[in-house]
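Both complexes shown next keep chain A, but they swap its partner, so chain B is in the first and chain C is in the second.
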Partner chain A sequence: MWHVDATHNTFITTGNAGPESTTAEVSLFYNGGKNKYRLERKLSPGQQLWLDVGQVIHDQLADSDGQTLPSDTMSGSYELRDLDHQTVGQLYEGKLIIDKTYGHASYGCGTCCGYSVPTLLPDPFAGPPGIDNTDVMQSTEQCGGELVDLADDAYNWQSTNTSVATLPTKVLHTVANGSATGSGEVYVQADKPAPRCPMAYYTPQQPVTVCDFTVGPSTVYAQNCTGQSQNNNNFSATITPSSCLPDSVKSKCGASWVSGNIDLVGSPTCVFNLGPPSATVTYFAGPKLPNGSAGTFDVTFDLYFDSLKADIARYVTATSECP
Partner chain B sequence: MKLFDREPDDKFAVHILRAPMMALSQPDQGLGFPAGTTLIPRIFMRNAGAGAAQVSLSVDWRAENKTGSVAPPPVVLSPGEVTVINLADQQKSLQIPPDATWGTVKLTYSGKRAELVAVALSYDEDYRYGLQTPFSENLSHKWARRYVACRCNA
Partner chain C sequence: MRFCVVMLYTLCVLPSAALQQGLFSVPIVDKSGAGAPLEVSGTLTLRESLRANELEWSWGEKVTVKNSSEKAILLFGATISEVGRYSTPEGRRAALGSGPTYRLEDDRFFSETLIEPGESLVLRDTKPGVPNVGCCVNPLSETQAPSAEYRLYFVQFADGSVFGDPAEAKDSLAIRQIILRGLKVLLQSYEDGGELVFASKLNDLRSYMIAPSRAPKTNDQPPFFETAICRQILAKYDATGAGGALDKVREILKIAERHSAMIAAAPSS
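Right, the complex of A and B next:
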């Protein structure tokens, strides 16, 4: 903490120990942490930012946002941030509180703020083919407990099966049904063992499932093409991979006329909770066309996958062959 | 209390220790010491390793309106040897200006972590007024200090 009153003063410093310039930010929190005084400064390698908090208050020096610390402010917590280096910081720090009554000074030490082991989100990922998803490499910063996204600092992105999904950057692209594992690597300051914040490589992984299905058959055989009595034909959806299960309540099926002498009767009877999704289509057929069929119709399955939180619609145009 | 943690399986590496707030001979007015107080800034170093250690030293000093840097000759310490470097000598010889109030001391050595035990302190000759500065080799993207006691590690 920092402490300034008639008998105390506080100095805070931070310096750039890295090989390149960086932007350092000092934040002094006050009013129970509700307000902050924020000083931002570009530091060349070796350069140091120095803050005499007593002078800041006494002289009402404005911060980088034009704010001043109220003159009756006496204590609070503080933070130092390297704004240009989120994962591998270059800043060292020092703080000194002086008790002018007895001439004592006590050095404090800030705690470095490492990151917990990150996870690649969504974990697991499941989606239909042909979509892009921006992944999040989520970690918890140990000082404030904030969730941070390290994906922009990650590299070596890859997928174990690029015919299913690619992950060349943090954007995951689904290609075709199947399973894969995505991963990215990041080099950060770890949160253990505290308070050292040693550098660590992390490679979080993301199971990826791309769900898809086909509808069949494309040729069915009418029981008659007299146009006088109903025909029934069964259709089904073949889902891959088999771990993709459709929601039996939210999924739908339907049929629609395409060509020829087909007269659909009502809506198909859909079954989603017994094995593969199936639909029974009822229709009148006939008279027979010169090609031997009665005509064609579409059968559509609109399957909702809870794992995807999305639905996929696929259909088949079925030809009804006459006896 | 300052602790120096050593780990048996620690690897040899170049270590850079920094003491970023060492008071120099002329105390900053913000310290509130009585007028005329003169500090004696000294760096104690002990080689706690099994072999000789060469320690490079640099001091980035700051006065009210100027900054600069000096690098005294490296020091070689035998195992167990203790030495004291008096920065007041640097100020007397004008390598560091007499009106410089603060210094950031940087010590570099090769070896295992915490093999070099270093403390920087600046007290007047009666040890009535003064400061003791911890060294640390930690760098970070973020530092925070809340309302809790702290434990400083090398």
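Right, the complex of A and C next:
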């Protein structure tokens, strides 16, 4: 991996350790591995090549094909090849990354530093509709063993069900309840088979579940609208998809008057058992309004989903029809 | 007198300003009666604010129960009720400021893990959230201390003995039977037509769950497709296919049969 920005620079070096001249090729990959900057040099025995990547970018130095590295490029992978000795190369390699902030320098040499098969995180993802989540394409860089995020180098982002969630970039957007699978593609040096580290395409996948629910019914029937005796109506939450299980310990329900001649008797009874979350609302209704109902009230469920580590609140405005 | 003057001044000049805001810690009182095998502990929180005569309130609960008996518990039902500080306003039938009554029934009939002697479990774990808003209370009226009550109304032990009246847990006992029937129908579909028919049944259940109006009419309340056990089986089906779901059905039925046998062996009392 090479890294160049305001506080980092990278030097890539190679030298010919063989008894005869050879052609060294240094390739800098960028833009998710889709583009490369290629430098070819003939090296005599004992001769070295130093590539100051920061200078290449800053001074817009053309490569062997006349291409330059875009000035906003900051990181990528690289490859070193002995073009004249394909199977047993004569080249030795070194890399120096300088961190100007603290004066640190890290070295890499002699081995390739490929990436393990990445995972797209969170894996799995679960969330409510209408949120954005920045995914991480996590891989382990085999030289340092550190976890790296390859998401900025990935491309071909997609979702198998865009009515549930979209993944046009590394930002996952949830749309509506259901299930989908998100994926992105990245082209980097693999960590196997060591020590060759051939370039490889990885397409990690991410199961996505978007949980939501509705509250019903929206029309209930009062037993009487005389205003003299209590009415009871039951409401419940319909949760989809099936993998979304609410945690009753952290869930709530409530009811509130909206319009008309409805007098709620306190707060509802919230019922949590092996059935769906439900609520019984007790109220006095009446007298009857011209439209035949006694009025309306809201019933709200605030359900907590462990898989989301969050709650979702939904309500229904119920009309109480008089007999 | 001075207090009243200040309050009225605020009411007239700053009608939208919060006159009073309060956070009340409310101890939970056990009303279960003697011999109740699940001891309760915890505190409820009431958050209130009063703007003119409009009350905003929200409750949170931290409640734990502990099996203080010497027997494992299969099913229990308990209520938690929350009573606010204000009396019923004139012309209304209910006081503002009270929280919901939670009716919590935990049935382990289909679960491998029972509530063992000495074991504790969290019954409620919430904080005050989006407030309820109600009108109107008299800000100058006397208030009472908020209160919270816990009542354990039924326990079925793994050995079949009970605490309380089974009639009070009739909903959970009915759901148990609905689930048992649903599981047996699923298993029968496999035995009649193999994995294809079984998968088709699961797909039907899923479509009913998404659109309950498509489901055949039944007296079961709730219908099988709305139960937590059916959701677990459908989730397994989505994750592992029909084979995994079939294993899950068999596993749950096996547990249920074991618990049925334990209950049946109980001496009639």
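Everything that follows uses one rule, which is that the second predicted complex is superposed on the first by the 213 of 323 C-alpha atoms of A that agree within 3 Å, B and C clash if a C-alpha of one lies under 4 Å from a C-alpha of the other, contacts with A are read in each partner's own complex, and residues count from 1 in each chain.
Just so we're on the same page, contacts are C-beta pairs under 8 Å (C-beta built on N, C-alpha and C of every residue); 3 or more make two chains touch, one makes a residue touch a chain.
Please read these numbers as outputs of a predicted model, since none were measured by experiment.
Contact with neither chain B nor chain C is seen for A:148 once the two complexes are overlaid on the shared chain. Shared-chain residue A:256: touches chain C; no touch with chain B. When the two complexes are overlaid on their common chain A, residue A:211 makes contact with neither chain B nor chain C. When the two structures are aligned on the shared chain, A:302 is found in touch with chain C, with no touch to chain B.
By the touch criterion stated above, A:270 is placed in contact with chain C alone, chain B being left untouched.
The partner that reaches more residues of chain A, of the two candidates chain B and chain C, is B. Touch criterion met: A:179 reaches chain C, while chain B stays clear of it. In the superposed model, A:248 lies in contact with chain C only, and not with chain B. By the touch criterion given at the top, residues 1, 7, 9, 11, 13-15, 17-18, 46, 48, 50, 52, 54-55, 77-82, 85-96, 98, 100, 103, 105, 107-114, 141, 143-144, 189, 195-197 of chain A touch chain B in their complex.
Residue ranges of chain B in contact with chain A, taken from their complex: 16, 18-21, 28, 30-33, 60, 62, 67, 69, 102, 104, 128-134, 136, 138-147, 150-153. By the touch criterion stated above, chain C contacts chain A in their complex at residues 82, 92-95, 98-107, 110, 122-126, 129-130, 132-134, 171-172, 175-176, 179, 206, 209-210, 212, 222, 226-232, 234-235, 238-239. Across the interface of their complex, chain C is touched by residues 179, 236, 238-243, 245, 248-254, 256, 263-276, 278-279, 284, 302, 313 of chain A.
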